[in-house]
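Common to both upcoming complexes is chain A, partnered first by chain B, then by chain C.
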Partner chain A sequence: MTAPVLRRPLPGFGDRFAVAGALLIALVVLAALLAPWLAPYPADEVDPVNALLPPSGAHWFGTDQVGRDVFTRVLYGGRTSLSIAVAVLAVSAAAGVTLGVVAGYAGGWVRDVIMRVTDVFLAFPALLLSLTLAVVLQPSVTTVVLAIAVTWWPWYARLSASAAASIAGRPYVDAARCLGVPAPLIIVRHVLPNSVTPVLVQLSLDAGGVILTAAALSYLGLGAQEPAAEWGLMVQQGQTLFTTNWWVVTFPGLAILVTAFAFNVLGEGLRNALDPRRIVK
Partner chain B sequence: MIEVRDLRVGYAGRVVARVPELDVGAGECVAIVGESGSGKSTTLLSLLGLTEGADVSGNIKVCGVDVLKAAPRELRAIRGARVALVMQSPQAALSPTTRLGVLMRRALKLHGLPAGGRVMADAAEAVMLDPGILRRYPHEISGGQAQRFAIALAIALGAEVILADEPTSALDVTVQAEVVGVLRRLREERGLALLLVSHDLALVSTIADRVLVMRDGAVVESGPAAEVLSRPAHPYTRELLEALP
Partner chain C sequence: MARYLIRRLGQTLLVVAGVVVLTFVIMRLVPGDPAVAYAGPKATPEQLAEARERFGLDDPLWAQLGAYVRDLVTGDWGTSLRTRQPVLDDLSLAFPASLELVGAALVLAVAVGVPVGVLAARYKAKFPDFGVRVTSMLAVSVPVFWLALALQTVFASNLGWFPIAGEYDDTLNTTSPLTLWTNITIVDALITGNWPIFTSTLRHLVLPALVVAAYPTGVIAQMVRATLIEEASQDHARLERALGFRETSILTRFALRPALNPVLSLIALVFAYAIVNGFLVEAVFNWPGLGRYAVNAIFSSDTPAIAGVTLLVALVYVLANLVVDLLQGVVDPRARVR
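This part shows the complex of A and B:
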């Protein structure tokens, strides 16, 4: 019998699916960033004469109800959707990780207060709370970001609190106290860097979910507004045409699907690669 | 450097360490011996005011600071800079994401000391470490190197007292001898006061001037090391000596 061998963590990263996910994300991000140069038409150019043309050499993904090039709008829509995902994850992670790490390190009543507030936010169904906020605030991309971030941060708080509590008891944290390092510096220099790995994995797993939620809010008319190009909004506008002009709704829908899938696959791969308990026989 | 009188440390009403008297002067080495759970490490941590959640009473003076009455800022100022703690698990005591040099530089800056490369290299060389080790991460060095780095840190910070909690128990025999050699040399050359916690009586006999034997949180015997270890008065001390291989 051979002894189990611990698989090397990064940069071994041998998960082919995760690499494929990362490449796909890189492709989507590049396409979004280079949209002004890649797009064959201006994003908002209305051309009623050429409305609802099927995919062709001139319009690879066809045109929509007002004659805008769907391929162009899918490229520009990536900018909006990815920006929303980045903004939501940045706001949620910043708030959640800060509160979680403080709760986990401090323990006692500080942890109790922070975690009970977290529990209150977790008690609300995320989409319902997002919807309520999006209705109360003016429909816009900023509203979508705020609405989703409000429902997303508690997960990071909970995850970080648990990781930080485990780190807070490590000898190197005791050693830092013995060196006279004040608590805020211990948190920033020792607890945070050593407890951030599960959060990074979760961020990549969540990116897909955020894009889907943002698309759902836009689909319901509570997010990006015309004439902005956003994948969810494009699906919402094209839904009535699905049986007659399938391309209007299918291509933005596929963009959402592929991007969400790529982030999920990357997240799973990262989780596997960074899990020190993973043993391969 | 260390003066302890009538120290009692308890958790939830249960006293876990009682030390009537403990003095460590400059250049002196005092060892606290006893088996696990006898209150040795608790006593050590109480000297730095780091027994969180414990009821501590008595008088503790370390480097002239009244530990039980000092403000948190005052305590932080002596921790590391005047009193250094060398821990049992040398590598576990180093943050895995921080290079040793970065850790040392931060500690020096924290205490308002010059943090130049020469200062750090001198400290490393004083414990027979290649200064190149300062560029490494904790997982890239051995246990013995990590323990010597902890001592180098104390030297760089100009510590006058080293509290060493089982400093050699996680090391193999040859490395143990190196670390003990470094501690002994620093004590002689720099006049460092050394308070050593150990269950290793063989180690204690080679380095300590005086010994306190603790059992179940109480000091059962104390006196000059040579006397206590050669003519133990308490049955528990005899038991410990008989358990030596």
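This part shows the complex of A and C:
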């Protein structure tokens, strides 16, 4: 996934899957961004008289146990989920790429040390380490972001290290070194821009996983807290009502499914488009 | 091969050491004083001092780490604050139950994922392929806790086809008590010929195993499909086509064997993922495994238990990776130089 990615432009979106995924994501992002205008009710408006109403013209997705409009809260929940995903990917990519590029450029014992530390973090399944960290820290959205980012950065470190190592051997890098350009400048100006592409592809592949992990942590009560509108939390709060009031649990769960699906489809499509070996003729 | 083995074992030891240190560090991050947690809020300063002494909290950090490692190696993984049992004893009961669930799920995943992947590759870019790709993508994107709740509501609560929760019917413990050998209920029931518990466990397994199997099935189907399609464009496939073999038999007789190699390593990687994913499923179905244990530990701030689960699953994960690499080294000599 290193060299071909750098040279190959997007071949006209050969795979319709990628397009479908991109469209779905656009829809989800728009719904989340425009939530304050699209939502028919205020997100936190409690209305006990109208609690647990089934879906109808007035309440498309019904109302929850304290009479809040489920459709409204699903829209607002998208804001939480997408912000968590963006924050996690930004933090872990920044940390991972920095360490990876330094490791790949420096080589030798620096690379060995950084890569062994990476191995240790990769030894924990992502959800497990996030779970443990989320327990130790206080439950909040920030905790979720930190807990997931800690488990995600090693992948980017690994990816960018191998890309940076191949760039570091190129003649133009040698030339810069001979001219006396200091190492930090070489890394920032030459190595970094050329080794960041595989990470960008990986980010789109990972967004779905981050959203699922964040939802799982919130479902366990380790993330966003009441009265925040968050999909995982909504499922947790409604789970005892599933048999009698299916809509309270079904719609937030579907929202998670659709969002994760959209990102996974886009990621898969991008990978097919960028990796020539996997293109289906 | 010997050199490869030694290098790989050395790497594994380093990672295990790192895992222990990291677990230790995380557990030191816990807010609050462990001495207060142990001695209780009404403890006198003397009792607190005694607790600090007992846990070595006044020692330097490296000495505490040393004591932690020594305890781990001698089998003292601490005492659960919730169950008041040694953590290792709790884990030795919970881990087999998780193995049972994940094992059943992986059998299901291979049994469904491989044929479905072959089907998609055989009819690539046609309707069956499209169906398999969308379904497998849905299977990897579904939040497990939600799928667990949905299946439980529909097939257990509403239709009553399967039991709602638990590992087997508890009343069977009096009518036909189970003799424990491996602590894996279904295996023990089978070797001791305990049919009531065996069939009860099978019925209880169906729904949770289906949910845990969703992700591995999707991943295996995608992997088999991709590898088969690549394999079918190789020179050997062209020769087989020229010799008059049909597409289906090219895929199943010649292409499937090399394609199963990556699937093998995928299974080991998915195994650890499935254990952790199973945590949420176990919590929903009240399955007496690591997940239920971990979730209960979370809600009662049972730090030693959480540390134990974390360490155990990480060790299992490292071990699974090692086994895969060694197997690959045996099967494929090229893997040894990587």
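One rule holds in what follows: the second predicted complex is superposed on the first by the 262 of 281 C-alpha atoms of A that agree within 3 Å, B and C clash if a C-alpha of one lies under 4 Å from a C-alpha of the other, contacts with A are read in each partner's own complex, and residues count from 1 in each chain.
The criterion applied here is as follows: a residue touches a chain if its C-beta (ideal position, glycine included) is under 8 Å from a C-beta of that chain, and two chains touch if they have at least 3 such contacts.
Quick caveat, the model's predicted, so the values are computed rather than measured.
**Q** For A:Leu23, select first, second, both or neither according to whether it touches chain B, chain C, the two together, or no partner.
**A** A:Leu23 contacts neither chain B nor chain C.
**Q** Is A:Gly208 touching anything from chain B or chain C once the two structures are fitted on A? First, second, both or neither.
**A** A:Gly208 contacts chain C only, not chain B.
**Q** First (chain B), second (chain C), both or neither: which does A:Leu34 touch?
**A** Neither partner.
**Q** Touching A:Cys178, do we find chain B (first), chain C (second), both, or neither?
**A** first
**Q** Look at A:Val188 in the shared chain and tell me whether it touches chain B only, chain C only, both, or neither; answer first, second, both or neither.
**A** A:Val188 sits against neither chain B nor chain C.
**Q** Considering only the touch criterion stated at the top, classify A:Arg170 as touching first (chain B), second (chain C), both, or neither.
**A** first
**Q** I'd like to know which partner A:Ala94 touches here: chain B for first, chain C for second, both or neither.
**A** A:Ala94: touches no partner chain.
**Q** In the complex of these two chains, what residues of chain A are touching chain B?
**A** Residues 170-172, 174-182, 185, 189-190, 193-194.
**Q** Residues of chain C touching chain A in their complex?
**A** Result: residues 11, 14-16, 18-19, 21-22, 26-27, 29-31, 124-125, 133, 137-138, 140-147, 149-150, 152-153, 157-158, 222, 226, 229-230, 233, 272-273, 275-277, 279-280, 283-284, 294-295, 298-299, 301, 306-307, 309-310, 313-314, 317-318, 321 of chain C touch chain A.
**Q** Name, in rising order, each residue of chain B that touches chain A in their complex.
**A** 48, 50, 75-81, 84-85, 87-89, 92-98, 106-107, 110-111, 150, 153, 157
**Q** What part of chain A is in contact with chain C in the complex they form?
**A** Touch list, chain A to chain C: 17, 116-117, 119-121, 123-125, 127-129, 131-133, 135-138, 208, 212, 215-216, 219-222, 232, 235, 239, 242-243, 246, 249-250, 253, 256-257, 260-261, 264-265, 268, 277-278, 280-281.
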